[in-house]
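Two complexes, one shared chain (subunit A), two partners (subunit B, subunit C).
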Partner chain A sequence: MVVAGITIADQLRHKLGESAVKLQHAADGIVTCWIARQNFHDALAYLKTDVEQPYRMLYDLTAIDERMRVHREGQPPSEFTVVYHLLSFERNEYIRIKVPLKRDQPPIDTITDLWPSANWYEREVWDMFGIRFHGHPHLKRILMPKTWEGYPLSKDHPARATEMGPFHLPDEKEDAEQEALRFKPEEWGMKPGRDGMDFIFLNVGPQHPGTHGVLRIVLQLDGEEIVDAVPEIGFHHRGAEKMGERQSWHTYIPYTDRIDYLGGVMNNLAYLMAVEKLAGIDIPPRAKVIRVMLSELFRIISHLVWYGTFAQDLGQLSPVFYTFNDRERAFGIIEAICGARMHPNWFRIGGVVQDLPKGWEALVRDFVKYLPPRLIEYDKEVMQNRIFKARTKGVGVFTTEEAIEWGVTGPNLRACGFEWDFRKKQPYSGYEQFEFDIPTGRHGDCYDRAVVRVEEMRQSLRIIEQCVDNMPEGTYKSVQPLACPPLKERTMHDIETLITHFLGVSWGPVIPPGEALGAIEATKGNNGYYLISDGGTTSYRTRIRTPSFAHMQMLPKLIRGRMVPDVFAVLGAMDYVLADVDR
Partner chain B sequence: MFVEEPKFQLSQPPALFARVDDEPAPLDEFGQSILTTSLDKVINWARKNAIWPMSFGLACCAIEMMSMIASRYDISRFGAEVMRGSPRQSDLMIIAGRVSNKMAPVIRRLYEQMPEPKWVISMGACATSTGVFSNYALVPVNQVIPVDVYVPGCPPRPEQLIYAIMLLQKKIEQDKNVVAKVLNLA
Partner chain C sequence: MVPDFEGAMTSPYPIAAIAGILIMVLSLAALLIWVERRLLALWQDRYGPNRVGPFGLLQVVADMIKIFAKEDWLPPFADKAVFIIAPAIIMVTVLLSFAVVPFSPGIIVVDLNIALLFFLGMSSLGVYSIVLAGWASDSKYSLLGGLRAAAQMISYEVFMSLSLMGVVLLAGSFRLSAIVEAQKRLWFIVPQFLGFVLFLIAGVAEARRSPFDLPEAEAELVAGFHSEYSGMKFGMFFVGEYLGVILISSMITVLFFGGWLGPWLPPIVWFLIKMFAFICFFILLRASLPRLRFDQLMSWGWKVMLPLALLNLIVTGAVVVAWR
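Right after this comes the complex of A and B.
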């Protein structure tokens, strides 16, 4: 975007010097600037605060191991590249800053002084690539165990389990690993007590019913009051980003299902948006609407799980039984269309797997009619419940500014009163053609987050109804050659498509070199896939930016000074899944 | 005396509502009030119908495990609905999801904390064999703790998990020498 005739790259050049900024073309159209390590910190500080219409959110921070990359035309030499994605709400656009590094150089500067949310991202880059950050407050492993050797996402680290050698867990190793997990307050700069009284350090998790999965939180307690907290993640890490370097572009789709495992096909959409930008594929209108309809169904399914479990966290046992029953009804539709429940793996490069089955309209219409009265009932049961209100109102409050500072997106951001929905602001997959509202909250507390999600279910129903009423005719998959696999009817009739089909299935489609970010408004916030193609059948680097990672990092800030039960109200209202945090 | 009319009319003849235990117990016939069996069988029967699983979700499979507990599939029909948060109160560990390198020692410790007798269900492809992932981060659960029943699927449907619990019940039913084991004589 050009402000007053000057591009952002020109402004950076003006600030840092003509030769300091080198532009790179990216398939997604995001301005991509290479800035040397001595300048990048100033550049980021300038973009965050000084520039007109600033880039206030650190959207993502990651790295690329460039040592095996062939297609680097026009890019400065680099062995490891640290990539910063910033988002400006005023401009409604991203900017990508890349910093080239050599392997044996001293550490680069941390940006935790600019954005507190950079803390975990930099730890992750250190954990996965071995890149150190100068001035980072706590540069320790975050996803892998502390005893781990090697950096999993560097190209010389093995990927397959069979390359790792057999796994043994003798008692001594178990004890050593458990000892490594022991929490040492002094490592975190925590005081052992105050006013002559010792603090209690309470270990919540990794196995705890209230943490919704394998998350560990260490609470520093003064009586019942939380002085500070340290979340520890990584118990769920399953190397999903590394899988992208092994699977073909086509066979990686099922892995995306399992990132935000409540979001189902919506993950496919984020990934395919990036792939389709790289491949330059246009999606036929029918496929677009099918994608929107299934995504919105999954948004409802995810929110129903959240609704029931959140109420359960706060002591209500019944709602979870009702919402799970409604979820089963939605799964009835998903099963009829896709043949699977949680992980349908239904979208393909260029469209969807198959056309909708006969009689799908009746199923969807039934559900659209069925759910609204149920939601009214749950409003009475949960949202208007006095205890529920008492447990959530005024708890875990943050403002819009804080949310942007910490990289919060999705319903959690909207609960602060900031009307920002990527479906409206940066429409994708034809969302601009649908009529729906963006529900927002006012106070930014746990209750408002719940209100926003409940209202979102209603809006999703509106979108689904419009999908049924206006489903376009036509093909469900693009006929462009990179669409994989090609339409079956054509495969059987012309030899060219048969060859493409054969190659696509045996080797996988060859995507042209380039990089692209595909970002969507997922169930929990902004889910983005940053893909780099080196012109092969697999991705060179797959970066998954998940909303829950950013949200979880904010947890200590939200619970400091509160009581222990508030932890679970805050966690429940946050709506995360651990696979979305750890990948 | 004034007799109040019943508020509700039974739509069925009362005979249909007669219950077996309404009949007078034949106390005089000593033989019919005694059931002979072995202590082993009684213990197995009690154990298999009151499995207490640990409420322990690892990944996507945990959501299907929750579906199994919830209203549509309702595991309480099979006596296994009492989910316990503490390993010390549970006798079944459902490994519902993949086991990461970081989690493996924790799972072993949790398993060690469960009192005997205890059983393990490995739910889903990831837990059983690291599934589609099969990479540096994961280990199959049987490298960490012994497993009784493996459930295929990614994730398995709730019905599959119910079937696994029924298979486990069969296994528990066939357990031999139970009393001796309880008394530490086996």
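Right after this comes the complex of A and C.
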């Protein structure tokens, strides 16, 4: 975007000097600037605060191991590149800053002084690539075990167990691993007590009914009051990003299903948007609307799980059974259309797997009619319950400014009163054609987050209804050559179509070199896939930016000074899944 | 003058009464496990245990066999003696309380003249079970559960006893049978409605049932005070909780709903019907309400319930004095 005739790159050049900024083309159209390690901190500070219409959110921070990359035309030499994605709400656009590094250079500057949320991201980059950050408050492993050797996302680290030799766990090693898991308060700069009284260090998780998965939080308690907390993540880490580098573009789709495992096909959408930008594929209108309809169904499914479990976190036993029942009905539709339930793996490069089955309209219409009265019932049971209100109002409050500072997106951001929904602001997959409202809260507390999600279900129903009413005719998959697998009518007729089909499903399509970010308004916030193709059948680097990671990082800030039960109110209202945090 | 320690209603066959009431109460508690699971299931649109025996009735038996056959495990870090005694305390105190409950004329172990005070005393002692269990387990979750139990006890016990004083004023006696007899013309639920509401709330807290199940709080403290318990020692807490529900329901029946009084049907049947209604109410509460935070419970207890209980006492006292 150009402000007053000057591009942001020009402004950066003006600030840092003509030669300091080097532009790179990206398939997604995001302004991509290479800035040397001496300058990048100033550049980021400038972009965050001084520039007109600033880039206030650190959207993502990651790195690329460039050593094996072939297609780097026009890019400065670099062995490891640190990539910063910033988001400006005023401009409604991203900017990508890349910093080239050599392997054996001294650490680069941390940006935790600019964004507190950079803390975990920089730890992850250190954990995965071995890049050190000067001035980081706690540069320790975050996703991998403390005892891990090597940096998994560097290209010289093996990806498969078969490349690593047999696994042994002798007693000494087991003891060492156990010892490494022991929480040592002094490592985190925590005092063991105050005024002659010892604090309790309560280990919550990784096996705990209130954490919804393998999350560990160490609470520093004075009685039941929380002095400080340290969330420890990584127990659900499965190396999804590394797998992206060995699966073909096509066969990686089922892995995405399992990132936000409540979001189902919506994960496919974020990934495929990036792939389709790289491949330059246009999606036929019918496929777009099918994608929107299924995504919105999954938004409802995910929110229903959240609704019931949130109430259960607060001690209400029944709603979870009701909402899971409703979710089961929605799964009935998903099953009829996709043949699977939680992980349908249903979207394909260029469209979807199959056309909708006969009779799908009736199923969807039934559900659209069925759910609203149930939601009214839950309003009375949960949202209007006075104990529920007492437990959630004024708990875990943050403001819009804090939310942006910490990279909060989705319903949690909207609960602060900031009307920002990527479906409206940066419409994708044809969302601009639908009528729906963006529900917002006002106080940014747990209750308002609940209000926003409940209303979102109603809006999703509106969108689904419009999908049924206006489903376009036509094909469900693009006919462009990179769409994979090709439409059935276009295979097995002659040797040419046979070969295309065979190569597409065996080797996988060859995606042209380039890089692209595909970001969507997922169930929990902004989910983005930053893909780099080196012109092969697999991705060179797959970066998954998940909302839960950013939200979870904010937890200690939200629960300091509160009581133990508030931890679970805050966690419940945050709506995360551990697979989405750890990937 | 020798105080009239034992009333006329004390059963002439004490051993038979003790055995009968023990068997009845314990089998009711066991049955209640099934009732609660089925009722919760009904309200939550699911089936509940329905496979073992007719309507799943024998599920309880199966569970009992399982729990008896479990290893009697003592955590090596626990304070052993206290750890073992704690679950017994709750059983003993609750069962002793049943000694003074007049189920119907003749079905009562001892018709004590201070029965109400005895009940209050026993229920206060029962909390020791929870606090000691939490302490002796030497686990952080259990400790927090135990602390919550202590905090909760302080908050509700005061207004619990105060809420009953209105009934005592009207009946002119602490003897439970006398209180029932005094309701022949009018159940105390009418003149003592406020007292009833206060006692009901305190009773839920006393039985540590949702929304006051803070010491247990499975979503936060895993199982709170009994996290470390297993086998029959856990079973005693479990049964103790159901006995508590039966006890509080019985007391509500006796104090506010005319105990065994009622037309046509035999007195014991009336008693059981009323008691069962309140048991169901307890289960319904569990099915519908979220849990309070314990600081909320405490401030509520001290700032709202206690003044209301005092007000109830003062107004009742004034009315009784004016009446005379």
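Note that in this section the second predicted complex is superposed on the first by the 577 of 583 C-alpha atoms of A that agree within 3 Å, B and C clash if a C-alpha of one lies under 4 Å from a C-alpha of the other, contacts with A are read in each partner's own complex, and residues count from 1 in each chain.
Here is the rule we go by: a residue touches a chain if its C-beta (ideal position, glycine included) is under 8 Å from a C-beta of that chain, and two chains touch if they have at least 3 such contacts.
Note that the structure is a prediction, hence the values are computed from the model and not measured.
In the superposition on chain A, A:181 contacts subunit B only, with no contact to subunit C.
Of the two partner chains placed around the shared chain by superposition, subunit B is the only one that A:212 touches, whereas subunit C remains out of contact. In the superposition on chain A, contact of A:69 is made with neither subunit B nor subunit C. In the superposition on chain A, the chain among subunit B and subunit C reaching more residues of subunit A is B. Judged by the touch definition given at the top, the superposed model places A:164 against subunit B, while subunit C stays out of reach.
Once the two complexes are laid over each other on the shared chain, residue contacts for A:565 go to subunit C alone; subunit B is not touched.
Within the superposed three-chain model, A:305 lies in touch with subunit B and out of touch with subunit C [touch as defined at top].
When both complexes are overlaid on chain A, the residue A:239 reaches subunit B alone and has no touch with subunit C.
Applying the stated contact rule after C-alpha superposition, one finds that A:148 touches subunit B and leaves subunit C untouched. In the superposed model, A:254 lies in contact with subunit B only, and not with subunit C. Applying the stated touch rule to the two superposed structures, the overlap between the subunit B and subunit C interfaces on subunit A comprises residues 208-209, 321-322, 325.
Across the complex, subunit B meets subunit A through its residues 54-60, 62-64, 66-67, 70-72, 83, 85, 87, 98, 100-106, 108-110, 126, 130, 132-140, 143-144, 154-155, 157. Against subunit C, the residues of subunit A that register as touching in their complex are 200, 202-203, 208-210, 223-224, 311-318, 321-322, 325, 381, 385, 387-388, 390-391, 563-568. Residues 143-145, 148, 152, 157-164, 166-169, 173-174, 177-178, 181, 206-209, 212-214, 234-240, 242-243, 246, 254-255, 258, 261-262, 305, 308-309, 320-322, 324-325, 327-328, 341-343, 578-579 of subunit A touch subunit B in their complex.
Across the complex, subunit A is touched by residues 40, 43-46, 140-141, 143-144, 147-148, 210-211, 213, 217-222, 286-296 of subunit C.
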